[in-house]
C-alpha cells in the first residue's frame, strides 16, 4: 500500500506543470536516436499519449532519419550534398516522400496508437499545410529541396479540436503541384509559430547548446541566442536549430527547447519537471520554465 | 536526472486508469477523518484537482462531521436521535444548514481551489438539485430530517460542462419551501445514479466491508451484497452504506466503492491503482476494477 | 370580464420596460428591511422571478442583516467596530460565513424557488468569483475584513446562460486560501461592473439621497454625485453607497439606483415604471430611466 | 406610488401563466372583427408582442376578411360559392393572393412591428410551407380552391428560433407550381399540429360553441366534441372550426380554443387568465386550461 | 457517350467561377423583360437555383414591372409622375404593395421553387428589413414614395444561413408604421452594401452603359463612373443605376454589374463566364471579373 | 455569346443530379488506368473537385497499381501469390506501405489540390480508421495480407465536415500494432457502409459486368447479383467486386456502381448523367439511378 501511496504522490509533482500547460499546444520535432532505438521510440510515444490525456495538445513533426539514405542506397541512388542540403532530383524526391510519408510517418502513428493515443499522420500537401518554395544554396538549384513559405494550420487545428494527435512529415507543395522536401526543424518551428504554440521542442542527439568549455547552456535569452549564432565556430550543427528557435520565440511561441533525445522520456522531462534536458530559449531568458 | 526519469515512469502507471475513466463522472461522498485531519484534507483536495485535470469529472458530496454537534452544543441545543436519525426541529435545522452549507461546504471549496481546482459549492436547494420528503422513522415524525425524493442534476451537469468541480451539501427542499437535512451517503448515491456516474466512492473510517473473521471483503457482486445486508449482525454501521451502493449499482452506476478514508490519497488509490483500499460492489462482482 | 381586461391592460404598461431591458443584466444589492419583513421578502422574491421570466437577468447580492449580530451574541462573541468596519477575527469570520453563506443565502434561494424561480446560491469562493485583499482602516489590521480586489464573473455568466438566478453572498477569498468578509454594496457594484450590467440597484432603508432640505434627489449626474460626496455632512450613511454607484457608472454600468427597500415591489417599481423609488445616478444625469 | 404598486401586483397575476407557457408555441387564427376594427387590431397586435416578450412563441395565421370581396367587386369579378367554398378561377386567385399576401399580411406585420414586435410575413409558397391539393366539393372542381396536404414547418421554426414573429397567409402551392387558396382555420390547425403547439386559438365573431339553449359551452372533451359535430343543426358555422380543433387536439396540440375575437385582448385573456372568452377543446375535457 | 463527355467538360469551365464565388453573396435586382417573358423568367429562376446549389448565396430584389400600372388602370387610378417618381397616395400605395408583395413576389418564389430552389419572399416591413423616409423630389411631397434610410439585414442573413433563397419586394416602413414604395435598384444596392455582397447585378433592358458612339463600355473604374454621371446627356436612364453601383462599390461590395436582362441566362453568364453581358463597375476598374 | 449560352444550358442538365446528391457521400475506389494515364488522372481529379464544390462529399479510396510491383522489383523482392493474394512478408509490407501511403496517396492529394480541391490523404492506421485481421487463404497464412475487420469512420466524417476531401490508402492495423495490406475494393465498400454513403463507385478497366454474350449488364438487383456470383465462369475478375457491391447495398449504401475507368470523366458521367458507364447494383434493381 505504501508503495502505491508513494507513487500517487509522484503524480502530484506533475500537477503544477499539467495546470500550467493545460489546453496549450506543444510542437515537437522528433528525430535522431529517439526515432531509432526501440526503448526511446516507446518512451517518446508514451510521452505524447500522456500529454494528450492530461489536456495538452502535442503536434509531432518528424524528420527522416537514416532510413532515407538506406532506401536510396538499396535503389542505387547516390545523393550529393551542398551546404548540408541534399540535391534532390525527382527520383530522389519520390524516395524521400515514400520513406517519410509512407514509412516513418505511419510507423510513428502506429506507435502512438499502440500506447493508447489516436494519431493521424499527414504531410505538408494534405490540406495544403506546408507551402514551400525552391531552396537555393548559394544560388545553386537544389531540385526538390525547398524552404517553408506559408503554413496553413487549419488541418492541424481541426485534428486537435477533434482530439486526434497530428503527426507531420516534412513534405511540402507549391501551387503548381511541385513536391518539396523541407527541413523538419524548420517546418516544426514554422508550424509552432502558426499555431501560436506554448513550446517548440527540438529533439537532438547532443546535450543541448554548449559553451566554449563544452558546458551546457541551460537558458538563453533572445538577444544572447542571436549573438551566439554569429560566433559560428563553437556551435557545430546547432546553428540551424538555434535559428529555428529564435524565429519561433521572436514570434508568438513562448519558449523553444533544444533537448537531448537520447535521454528516456526527454519530452516529458522537459515539460513536466524543472530538471530539463537541454537548452531553453525564451524572450526574457532569465527564469527556468 | 535518473530520479526524474523514475518519477516520469510512475506517471505512466496511472495512464491506463486515466484512459479508462477519461470523460467519466465519479461521485465521492466525503466525510469522516478525511474531512477532519489536515493532512488527509489536503490529500483529498489534491486527489480531486488531479482527477479534474486528467479529464475525469469528480463530484463531491460532503457530510457534516462533528462540527454540527459542536455548534449545537455551543448554542445549548440538545439533539435526540431515533433509529440513528437526528430529530431535527427548526432551530436545529438552521444550525445544520449553516454549518453544512456555510462552513463545511465553503471550506472544501476553498481547499480545492487552494490546490489549483475551480470548485463551486452548492446545496440541494440550489437549482432544485435535491428534492426531499419527510423521513419517518418507525412512524415517528423526525422534523426536518428528510429522505431524497428526486434529483434534478441539471445544475451539476452545467458546472461540469463548464469545468467547475461541484461540491454539494446534503441539504434539500420540497415544493412548499421546507428545508430538510438528508443523509449524505444517500444523497451521493442518488446523485451518482442521476448523473449515470462511472463510480460512487463512499469514504469511511473503516477498512471496508468485513466478513465474520474481520477480513476485508474486496469485491462483492450485487446478489452477494444483497444477501449480506440481511445478515445484519456482522456489518455494524455498514448496512446503510451498502444499501446506497446496491441501489446505485442496480441503477446505472458501474461500480460503488466503500473506501477507507483514513488512508492518504484514498480516492486516487481507488481510481488509479489496482491496490484499492476497501470494498468494491459491482453487478458481476468478479474481476477487480 | 371587464376586470380581466383592465388587468391585461396593466400588463401593457410594463411592455416598454420589458422591451428596453430584454436580455440585459440587473444587479441588485438585497438587504435591510426588504430582507427582514415577510411581506417585503415575498414581494422581492416575486420581483426577481418575474424579471427572469420576461427576459431580464437579475443577479442578487445580499448583505448580512442583523442575523450575524444575533448569532455572534448567542455565541458570546463581541465585535469591535472601527470606522464602521467589524474587526473580524477567525472565529467571527466563521460565524459570518456560516450565517451569510449557509443561512441567509439559502433562505433567499429557497424563497425565489418557492415563487417559481430557479436560483443558485454561491459565495465569492465559488468559482473564485470574488478575490479580496485585507482591508486596512487607517492603517489598522481588521482581520478578515477585506475589500474586493478582482471579480471573475465566469460562474455567474454561466448560471445566467443556463437560466438560473445567481444569489451571491459577500464572502471572498485570496490566492492563499484566506477567507474575507467584504462589503455587500461594494461587491454588488464591482460585480455589476464585471458583468457590464444595465443597472445596479442598491436597496436601502431610506428614501434615497436627500438634499439639505431632506428632499429626495431623484436624479444625479456623475459629476454632481462626485461633488456631493465631498460634502460629507448631509448624506449620513449614503457616502459609501454613492461611491459604489459612482464607480459602477464611471465604468460600464448604464445607471445605478439607490432605492427604498421598505416599499413593496421596490425593484420592479424601479425597473418597470417611471415612478421610481429613490435616486438614480447616471453619466448624463438628465432624463429619467 | 400606491397606484404603481397596485399595477405591479397585477403583473404577478400573469406570472403563473407565463411560467406555464414559457417556451411554448401558440398558433392563432386571426380574422373577423378582430382584423377589422382599429381598436381590436391594436389590442391583438399588442397581445402578440407581449406574448413574444414573455417567452411564448406566437404564430399568426390570418384569413382574408371582406377585403378580398371588395377588391373583386372593384375589379368587376363575381364569385360563385359552392358548399361555402369560392370557385376560384385564375384571375380570382390572383386577386386573392394579392389581397391576402400583399395587403393583409403586411398590414398585420406592420401593426405588430409598430407595437414593438419583429414580425415576418410569409405565405404557404415560402419555404414550401403549405403544400395543397385541389379541393373538390361534392366532386366539383373548385379551381384554385385547395385543401392542405402537407406542412413543412422548417421556415416557421427558423423564424421562431431567431426571435421573429411569423405571420402567415393561407396561400399554398403544389409541386407543379400551382397556387391554391386554402381555408385559414384549417391551415392554422395543421400548422399547430406540425409545430406541436401548446395551443391553437381560433378567433371568431361569436361567443364560442353554444348549446341548444344558446348557452356557451366552456369546455369540451374530444369525444363530446366529436359527438357534437354529428348534430349539425345547432352549431351553425362552427362545424368546420370544431373539426380543425378536433384534428389538432387528436394530434399533438394540447388544447384548442374557439374564442370571441370581438372582446378586447381576447388572445391574452385566453392565455393569461382563467376567465377565458370562448370554448376550449382538450383531450380530457375536464379541468380548465 | 461522347456527347455526354463533352457536356461534362463544359461543367468544368464553370468550376473556376464556382470556386471564386463559393460562399459569397450576390444581390440581383430582377426586373424588366427578364420578369415578363416566360422563357426569360424560367432561365432566371434556373440561374438562381443553380447558384444556390453550387454554394453561392443569391438574394433577389425585384421591381414592379408593368403589372402595377395595369392594376391601377383596372381600378381606374391615375398616377402622376414627378422627376420620374410616382406621386403615391394611400390608395395607390395599397395597390403597389399588393401587386409587389402579393403577386410578383410570390410569383418569383413559386418559379424558383418550381425549378428546385427553396425561396422565401418577404418585403421591407418583414423583420424591419428596409426602413425608409419620405422622398421629396425638388421639395415636393411624393406621398408614400420613399427612399431607403436603414437596412437591417438580419432576416436575410438568417434565411441564407438556413439555405433559403430570399426574394425581396421593395416595400419599406418607418418607425411610425407608414408604408413606402422604394426604388428597387436602390434597395438592391443598399442591401448588397449591408450584406457586404461580392456582387450587385442590376438586370436592365439595355446592353449596359454605352459611350457616345453607342458602344458598350464593358468596364468602369469608380472614378470613371463618377465622371460619367456628371455628363448626363449620353446616359439616358442609366444615371440612377450607375449611382447605385457607385455607392455599392464605394462601400464594401466588390463589383457592380449593369447587365442586359434580355439575354437568356444573363445572371449566370455574368457570374460564370468571362463573356459578361453588360458593364462592370469596380474600384480599380482594370481587369475583368 | 451564343456559345456561352449553350454552355450555361449544359450546366442545367447537371442540376437534377446535383439536387439529388446534395449533401450525400460518394465513396470512389480509384485504381487501374484511371490512376495511370495522365489525361485520365486529371479528369478524375477534376471530377472529384467539382463534386465537392457542388455539395457532394466524395471519399477516395485508392489501390496500388503497378507501382508496388515496380518498386518490389527494383528492390529485388519477389512476390508469390496465392488465390490472387500476395503473400506479404514484413519487408514487402514496408514497401507496400511506402508506395501506397507515401507515393500514390500523396500524388492523388497533390493532383486534387492542383485542380482546386483541398484533399487530405490518410491511411487506415490514422485515427484507427481501418482495423484488420489476418487474411487466411484456404488456411494458409498470408503474412501481412489482411481483411477489413472494423471501420472507425470518425476521422473521415471529421474531414468531410471541415470541407476537406479524404483520400485513403488501403493500409490497416490491429490492436497489437501490426500493419496489414487490405484489398482496396473491399476497404472502399466497407467505408461506404460505415459512412452510409449514397453511392459506392468501383473504377475498373472493363466495361462493367458482362453477360454470357459479352453484353454489358447495366442494372442488377440484389438477388440477381447474388445469383450471378454463383455462376463463376463468365464473370472473370468481377466476382470480388460484385461481392463488395452486394455487401454495401445489402447494408445502408443506396447503390453500387462498377464503372469503366478508362472513359474520361467516368465518375461524373455516372453521377451526373443517365448515360452511365458500367453496371449499377441496387436493392430493387429496376429503375436507372
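Each chain gets a letter, A, B, C, D, E and F, in the order it is written, and its residues are counted from 1.
Keep this in mind: contacts are C-beta pairs under 8 Å (C-beta built on N, C-alpha and C of every residue); 3 or more make two chains touch, one makes a residue touch a chain.
As the structure is a prediction and not an experimental result, all values here were calculated from the model.
Enquirer: Give me the fewest steps it takes to get from subunit D to subunit F if each step has to go to a chain it touches.
Expert: Steps on the shortest route: 2.
Enquirer: Just to be sure I understand the contacts, which chains border both subunit D and subunit B?
Expert: C
Enquirer: Quick one: how many steps at least from subunit A to subunit C, stepping chain to touching chain?
Expert: Minimal hop count between subunit A and subunit C: 2.
Enquirer: Farthest from subunit A in C-alpha centre terms, which chain would that be?
Expert: The most distant chain relative to subunit A turns out to be D.
Enquirer: Looking only at residue numbers at the subunit E/subunit F interface, is the share used by both copies over half or under half? Answer same or different.
Expert: same
Enquirer: Taking each chain's centre as the mean of its C-alpha atoms, give the chain farthest from subunit F.
Expert: Result for max centroid distance from subunit F is chain C.
Enquirer: Starting from the mean Cα coordinates of subunit B and subunit F, work out the distance between those two points in Å.
Expert: 55
Enquirer: Measuring from the mean C-alpha position of subunit D to the mean C-alpha position of subunit E, what distance in angstrom results?
Expert: 35
Enquirer: As a quick test, compute the distance in whole Å between the mean CA positions of subunit A and subunit B.
Expert: 45
Enquirer: Counting only residues that touch at least 2 other chains, which ones in subunit F make the list?
Expert: Correct list: empty.
Enquirer: Can the chain contact pattern be summarised as a line, a ring, a star, a complete graph, or none of these (other)?
Expert: Chain contacts: single closed ring, each chain with exactly two partners.
Enquirer: Just walk me round the ring: subunit C, then subunit D, then whatever comes after, in order.
Expert: The cyclic sequence of chains is C, D, E, F, A, B, beginning at subunit C and stepping to subunit D.
Enquirer: Which of the residues in subunit E come into contact with subunit F in the complex?
Expert: 1, 4-5, 7-16, 18-19, 22, 46-47, 49-50, 53-55, 116, 263-265, 268-269, 272-273, 275, 277
Enquirer: Give every residue of subunit B touching subunit C within the complex, in rising order.
Expert: 74-75, 94, 97-103, 105-106, 109-111, 113-114, 118-123, 125-128, 154-155, 158-159, 162, 164, 171, 173, 176-177, 179
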